[in-house]
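Letters A, B, C, D and E mark the chains as written, and numbering starts fresh at 1 in each.
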Amino acid sequence: MSATSAAAAATASPAEESVVKVTNLVAGYLPGVNILNGCSIEARKGELIGIIGPNGAGKSTLLKAMFGLVKVHSGSVVVRGQDITGLKANKLVTKGVGFVPQNNNVFAALTIEENMQMGMFQRPKDFAERFDFVTSLFPELGKRRAQRAGSLSGGERQMVAMGRALMMEPDVLLLDEPSAGLSPVKQDETFLRVHEINRAGVSVIMVEQNARRCLQICDRAYVLDQGKDAYTGTGRELMKDPKVIQLYLGTLADEV
Amino acid sequence: MSTHSEESRPSEEIDYMTDTRPIAAGDTAPGCKKRDPIVVAENVTRSFGGINAVDVEYLEIPRHKITALIGPNGAGKTTLFNLLTGFDTPNSGKWQFEGNSLAGVSPYKVARMGMVRTFQLTKVMGKLTVMENMRLGGSEQPGERLSKALFKGIWGGREKEITAQANVLLEKFKLDAKKDDYAASLSGGQRKLLEMARSLMVRPKLVMLDEPMAGVNPALTQSLLDHIKNLKAEGMTVLFVEHDMNMVRHIADWVVVMAEGRIVAEGPPGEVMKNPAVIDAYLGAHHDVDLGDAEGIKELAAELVADEESIVGTENAGIIAIDVVAADSDEPEPRKKDSE
Amino acid sequence: GGTSTPSSTETTTSATGISCPAPGAVPGSTAQAGAGGAVPPATTITETPLKLGSLLPTTGSLAFLGPPEIAGVNLGIKEVNDAGGVLGKPVEVIHRDSGDTKTDIATQSTSALLGSGVSAIIGAASSGVSKTVINQITGAGVIQFSPANTSPDFTAWDDKGLYWRTAPSDVLQGKVLGNYMAACGAQTLGMIVLNDAYGTGLQKNVKAAFEAAGGKVVAEQLYNTGDSQFSSQVDAVVAAKPDAIVLITFDEAKSIYPLLTGKGVKPTQMFMVDGNLYDYSKDLSAGTMKGTQGTQPGTFAKEDFKKALLAIDPALKTYNYAGESYDAVNLIALAAEEAKSTKGVDIAAHLKDVSEGGEKCNNFASCVTLLRNGKDIDYDGQSGPITFSDAGDPTEAYIGIYEYDNDNKPQPVKAEFGKL
Amino acid sequence: MDFGFILSSAAGELFSPTTAAYALAALGLAVHFGYSGLLNFGQAGFMAVGAYGFAISTLTFGVPFFVGLVIAVICSAIFAMLLGIPTLRLRADYLAIVTIAAAEIVRYIVTTNQLTAVTGSANGLAAFEGGFYAMNPFPAGSYMGMNNRDFFIRIVGWGLVIICCTLVWLLMRSPWGRVLKGIREDENAVRSLGKNVYAYKMQALIIGGVLGALAGVIFTLPRGAVQPANYGTELTFFLYTCLLLGGLGTVLGPVVGAMIFWVVLSLSQGILYGLIESGAVTWLNTVQAGQLRYILVGVALMLLMIFRPQGVFGNKKELAFA
Amino acid sequence: MEDLNLRSTPKGLPHRRPGRLLKVIGAVFATVVAILLVVAPASQATSPSPTPSPSITTFQNNISGFLRDDARAPIADVTITARSGGFEGTAKSAANGSWSIGVPVQGTYEIELDEQTLPAGIKLADGQENPRSVTFSQTSNLSVIFAFGKGIVVQQQDFGQNLLNRLVAGLSFGLLLALASVGLSLIFGTTGLTNFAHGEMVTLGAVLVFAFNAIGLPFWLALILSLLGGGLFGYVQDAGLWKPLRRRGTGLVPMMIVSIGLALAVRYVIQFYFGGATQQLPFAQSAEIQLGPVSISPNNLWSLVISAIVIALIGIVLLKTRLGKATRAVADNPALAAASGIDVDSVIRIVWVTGGMLASLGGILWAYYRPGVTFDMGSQILLLIFAGVTLGGLGTVFGALIGSIIVGIFVELTTVFGLAADLKYVGALFIMIVVLLFRPQGILGRRERVG
């Protein structure tokens, strides 16, 4: 399918073990209707993987399926050699997988601070330290710590959602459109921070519609279309691929 | 739909697409008068337990133009939308739409008058099909009155019309394949699209879009922008909130910048984006955060700047990397954000 | 007998002391089964055996009334069949639940009963339920025979002569109780009343009698079926400091009574009615109710009758309306014998006749013997001397007055005869 | 045990007037809840208002049948409006409790002894059905095993059911119905499209309430008596059961649901008592059978909802997005 | 015995059927003897009842009464006469004030109290007819009350005192409602389920205490076992019913109907074993004590204290502990809670167990408040529980507390403000509707922002 896969293999060190490996995943919400039709992706240790694709391609479904929130019909999800297909979400968290969903990603009735505490539900001891870290990224959250997340603006919610995931210090982080609704500068900060986290050794799989930015910072990327991984390659390669540009990226950013 | 504006200027046939007359009536300044405003808001304030979410002294939205409302997260954009459309009540202030005062007018009446909004956190009628969602948007449906609902003869014709209209829109918004699915089964981006398409079904005079393109695929966004631009040709006015500067630059005739509830700048997109106050309010506000991890940022920023394919550092990077660059160029002059 | 000695013991009259006149006579109804010898065989043999239905509560708020009534019906049926049945065939009975008015089970049960071709339906216990089915039953030409309805509404109901009952109307009990409380020295009266056909009907009569005697009702607190706590009613009554308090309730008395004593009301000040004149020995500590009195229509349930009922249903705890139910069966059976037909309408035409004017008898065997010997009979039952009016109501009855002993069991004191 | 008899009496329930009344009232609930998302738990209150409106106007003011019927309908419309003003702004779950409360208030008010002269208090009212049966076109006799009164009320009751079902069906396929369904899903979105949500909800509340009131009248006519206790919360629960048995948001659902409900009730009674009377079951007496029957009904209700949560006509797909 | 026989002579019986009189006499005689033989020993042993001495008479029909002054002290030795046609009977009031005149036939009599014989200083009250005519109707006893002095004075209630007592009663009723509502609110909050079977969980608590006590366990053990039983019921319900239903993705409305079915089934299972009648728990009777200005029964006092403590504990757990926060998180967004590493199922299970225990405790206290245990005692207050929960704001635990207290107080207060007692729940329900009119989200509920 992709002429670029060889190149992809070249960029990532082949010696690196695979941290997350999704093979031929078939999953869906309703019986008989598959949204994912044999989708395979892989994240190696320390890699930042981007996933882009048209609306309704199944990107969110893929993340949810990996995280045990959607019924998997066949295929497997392996995290560090362990088959976790169909495992319950809270078990995955204990295995070091963190997830930021696309919708409904905050506890609306809880305050910002409590949202952060939920992020650290497993290890409440280090709360203060991690909270400082998150508020350094999103100072608004520190200032508003007692405000209920339900009353926050769209962008502020997004910050809370990111913050909650970052509180966890996961080994593998699944992000579903973390930059949506953020102001440009916040988007950049988010990308940079994700990049940084990734450099610190966390494998990140990130779904984005802010595709260019995503491709810029990721090590490798997949283009998902109709429940399948249609293209893969390094971010740079995909950005240059005219097909990808035409179908998924658009040329808006290039026009002046 | 746009009968009102046509009546006011019956003779001159203006092509709104190419109308280049100045938008502002005088100087371009925050809260300036417009040549032909459709919405005029005065002293609209709303506070939530101490926070002034919206504090707009004076704002006019130009008619037949596309106005972008930008500003940092929590600036009060959505809240302003809520206030203008009657979904929330302000602490003070008055505002009018086409000369009619809207204070205390209930949301549905606002929409009937031709001012329709979408929601940032999407609201779709989950257990109605996509098509029914669209039809629901259609205005002036005789069949929506209880007295006529029983007789298909009365409303059947209009139903066909709006169905045709809906089909066109759905195709544009790439939702035609999902026409008969429950809206609840749409993906995040598809919901945004449906919401926007549905608001257009009303054929409003002013459509207010709250981050219409957040989560929408860039390629699709691009194709939709033309559609939005074309709304002008139909005599519509567009007011939208967006964080995607490419889109703003691409289609907006006018940009209004909000920060901490206030209008801090407005003007044509090119000018506004160079305005230091705008950079201050929208972009520079948080750069001091980066200092803690300046190393990593610099590294990445440098890497991105060095990369010729990256838009960072290039002209069309626009504002995106400014703070990174600023952080790089050492001592950031304290552009204090809450320096009141 | 101890209680009967009219010794002039001095009463230490406390402020609200109550002391009642000495008991008078304790009449019972007619003598024991007088049927020596075998029952003569039936002269007419019916083609369709007599089939009875019962529509009595086994669920709902009156569920506690069901078991004794059903036992009464079953005892009646057993005795009838032991005596060879009606018109040569054993009587059949089918039981259905009447529920309460909340659940609307009764209409459905009635359909089932009517569908299976009964000639008479014994029930319902509650006047409210009876109202919901009376048209259905009487419309089908079937007798409705309630052992427990006391509402006056049925007297004038357009029932085609098919509605009958053995429970005497509230009027009599109300009169007796109202007068009795006044005779006990009460000048002021507080009432806690169940707001339903039974409660308010009785309340009206008690109040009328008490006020006619010159007393004053100082507190009337009503509660609804299904209400579960009564403290504000109790407080309001206690606050009015009446000489006597009458509880016109069903089972709720078990909750209300201790609330009243908890507030310092003396047991001698309290009066019960048939709806709650139970054995409270298991519910309240000994001595709690000593001296409380109450009235109950019907002669005192006789021990052998109770024993017979217990043999039918060993789990019985109370005997309310058992006698009335038993009498209903006997009356229907006798009327069918006399009518030589098992059709509802024919039976109804003879019900009044078997209840009055003729040789007295008090069980099926003896009565049917008389009938088959060509005699006119006057059935006097367990619930009283039963003589029907044209409207199908009993016109005379005994009202028993009881007094609670140290074990919280009601003991008969005397009975008063009344005629309507 | 006579199976033929058990079955025939169960079949008798299919078209009993009570079933018709339940079907009408459940249809009202379908308008309220199934289509508009108004979680009205006070349908019993509407039935009570209808029944009492009819009975009181007939007894106290001596109006003829049709005037009484119109008064009942008007009363329920007024009740709907009174109820709607404070409650239509409420979220569904709040609405549920408030409507239960309102229905109970109605019941307490018609029960209270203070108003005996008008409502007959706990005794209820009786003997108001004369006007109705006076219109009976069928001369006395037996019609399919029923007397002419039974036959007449069945014809009228089920005729009404058919008319109302048709009306509701016509309404719900119209754009008007679409707005209601939209409101059920998200009223703010509908508001933003320029529809007067409040007015639509009020219309729906009134229509469903009027159906409830008609049901109340049909319910009382064969009995010739209204009893306040008949209109307790249990009744509403049973109506919801009918609605869900048949399927939410369908027109035939409530009707079939009501039929199933009564047939199941009748079968459970017939079989249980049949077993006891035939001697097949000796460990139960008839007293316990009454209770066991409720236990079975409860369990049956649970099983039905567990294994066919969408009801007979409901759309399973719809449930996936609850 | 002789006396009795004398007094039960058939003269008293109606003379309607002279032809059958003899038979009747025999019958009555025999029955009376039979009954007395059974009854007498018991009466003798227990009730030397303080009977006044009536004027010995051989008549079955009696006119009688008591004479008391307005302090209710008996007035002795007053002469009263009854006249009708040729008949005249006289009686003198006994030491306890009682008098009785036997008369031969029923009819209208003129009763006259000889005011001359009244002790000094005592006069008939105003408006007391003397002589007055009375008529027998239907019964054979007739009473006549003469009031003296100020007549029959209706006791005026002390409004303030009454108000205070009702407030305290309302508070303790409200708090026990709160026990049940907090459980309901927790369950609603975490699972979204409107649990109509909660009333049965309340009933179960009381019924279990009764059952354990009936099989002879000590009271304290019965209490503990019943609380555990309530918890177990919650656990079993969740594990056996609700969790599988959640798994299948059953909607909330079908689940609500399931809960109605469950309520029916459980209620009648309880009735099946427990019966339809009211029963009492040990120590159910308690005489009121005076605490400063209020009088309250020790049971209510206990109930008040226990529920206040338990609710405070629950509040602390919810606000301060990790578990409490997890509960609220699950309530808010179960999927996200799972994604945060919270074991949603076990949190829900804990909530069910806690809810069951709280309901059980509420039921026990409820059984003492009423007092009495019935198979439907829980379902009878279910609406009030719901009203409390809703009034306070659905899903908020403190709201449930406040709402329940308001409901409790209003139920108890309505009679003070003159509403008829059979409308007392109307007051509480009405107040809920009114509050929701102004605060559609309940007292402590929060409005979600639009957009």
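What we mean here is this: a residue touches a chain if its C-beta (ideal position, glycine included) is under 8 Å from a C-beta of that chain, and two chains touch if they have at least 3 such contacts.
None of these values were measured; they are calculated from a predicted model.
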{"item": "Contact network partition after chain D is left out of the picture", "value": "one piece"}
{"item": "Leading chain pair when contacts are tallied as C-beta pairs", "value": "C-E"}
{"item": "Whole-Å separation of chain centres (CA-atom averages), chain A against chain E", "value": "62"}
{"item": "Approximate Å spacing (C-alpha centroids) for the pair chain D, chain E", "value": "32"}
{"item": "Distance between the centres, which are taken as Cα means, of chain E and chain B, whole angstrom", "value": "63"}
{"item": "Mean-CA-position distance for chain D and chain A (Å)", "value": "51"}
{"item": "Residue list for chain E, restricted to those that touch at least two other chains", "value": "268, 271, 420, 422, 425, 449-451"}
{"item": "Contacts with two or more other chains, residues of chain C listed in rising order", "value": "59, 63, 66, 195, 222, 224, 226"}
{"item": "Overlap residues in chain A, where contacts from two or more other chains coincide", "value": "29-30, 151"}
{"item": "Contact footprint of chain C on chain D as seen in their complex", "value": "5, 8-9, 12-13, 16, 18, 108, 111-113, 116, 121-124, 126-127, 129, 147, 149-150, 222-225, 227-230, 232, 234-235, 262, 265-266, 269-270, 273, 277, 285-291, 293-294"}
{"item": "Complex interface listing, chain C residues touching chain E", "value": "1-13, 15-17, 19-22, 24-32, 59, 61, 63-64, 66, 171-172, 175-176, 179-185, 187-188, 195, 212-216, 218, 221-224, 226-233, 235-236, 239-241, 243, 251-252, 254-255, 258-259, 261-264, 282-285, 288, 290-291, 299-300, 302-303, 317, 360, 378, 396, 399, 403, 405-407, 411-412, 416-420"}
{"item": "Touch list for chain E against partner chain C, complex", "value": "1, 3-4, 7-8, 12-14, 16, 20, 23-24, 26-28, 30-32, 34-36, 38-40, 42-44, 46-54, 56, 60, 62, 64-66, 68, 71-74, 94-98, 100, 128, 134, 137-147, 152, 154-155, 157, 162, 165-166, 169, 173, 268, 271, 275-280, 284-288, 295, 297, 369-372, 374, 376-377, 380-381, 411-412, 414-416, 420-422, 424-425"}
{"item": "Chain D-facing residues of chain C, complex", "value": "57-59, 63, 66-67, 70, 94-97, 99-105, 107-109, 111-112, 115-116, 127-128, 131-136, 139-140, 151, 153, 157-158, 195-197, 199-200, 222, 224-226, 313"}
{"item": "Chain E partner contacts - residues on chain D that touch it in the complex", "value": "33, 86-87, 89-91, 93-94, 96-98, 100-102, 104-105, 108-109, 111-114, 188, 233, 237, 240-241, 244, 248, 288, 291-292, 294-295, 297-302, 305-306, 309, 319-320, 322"}
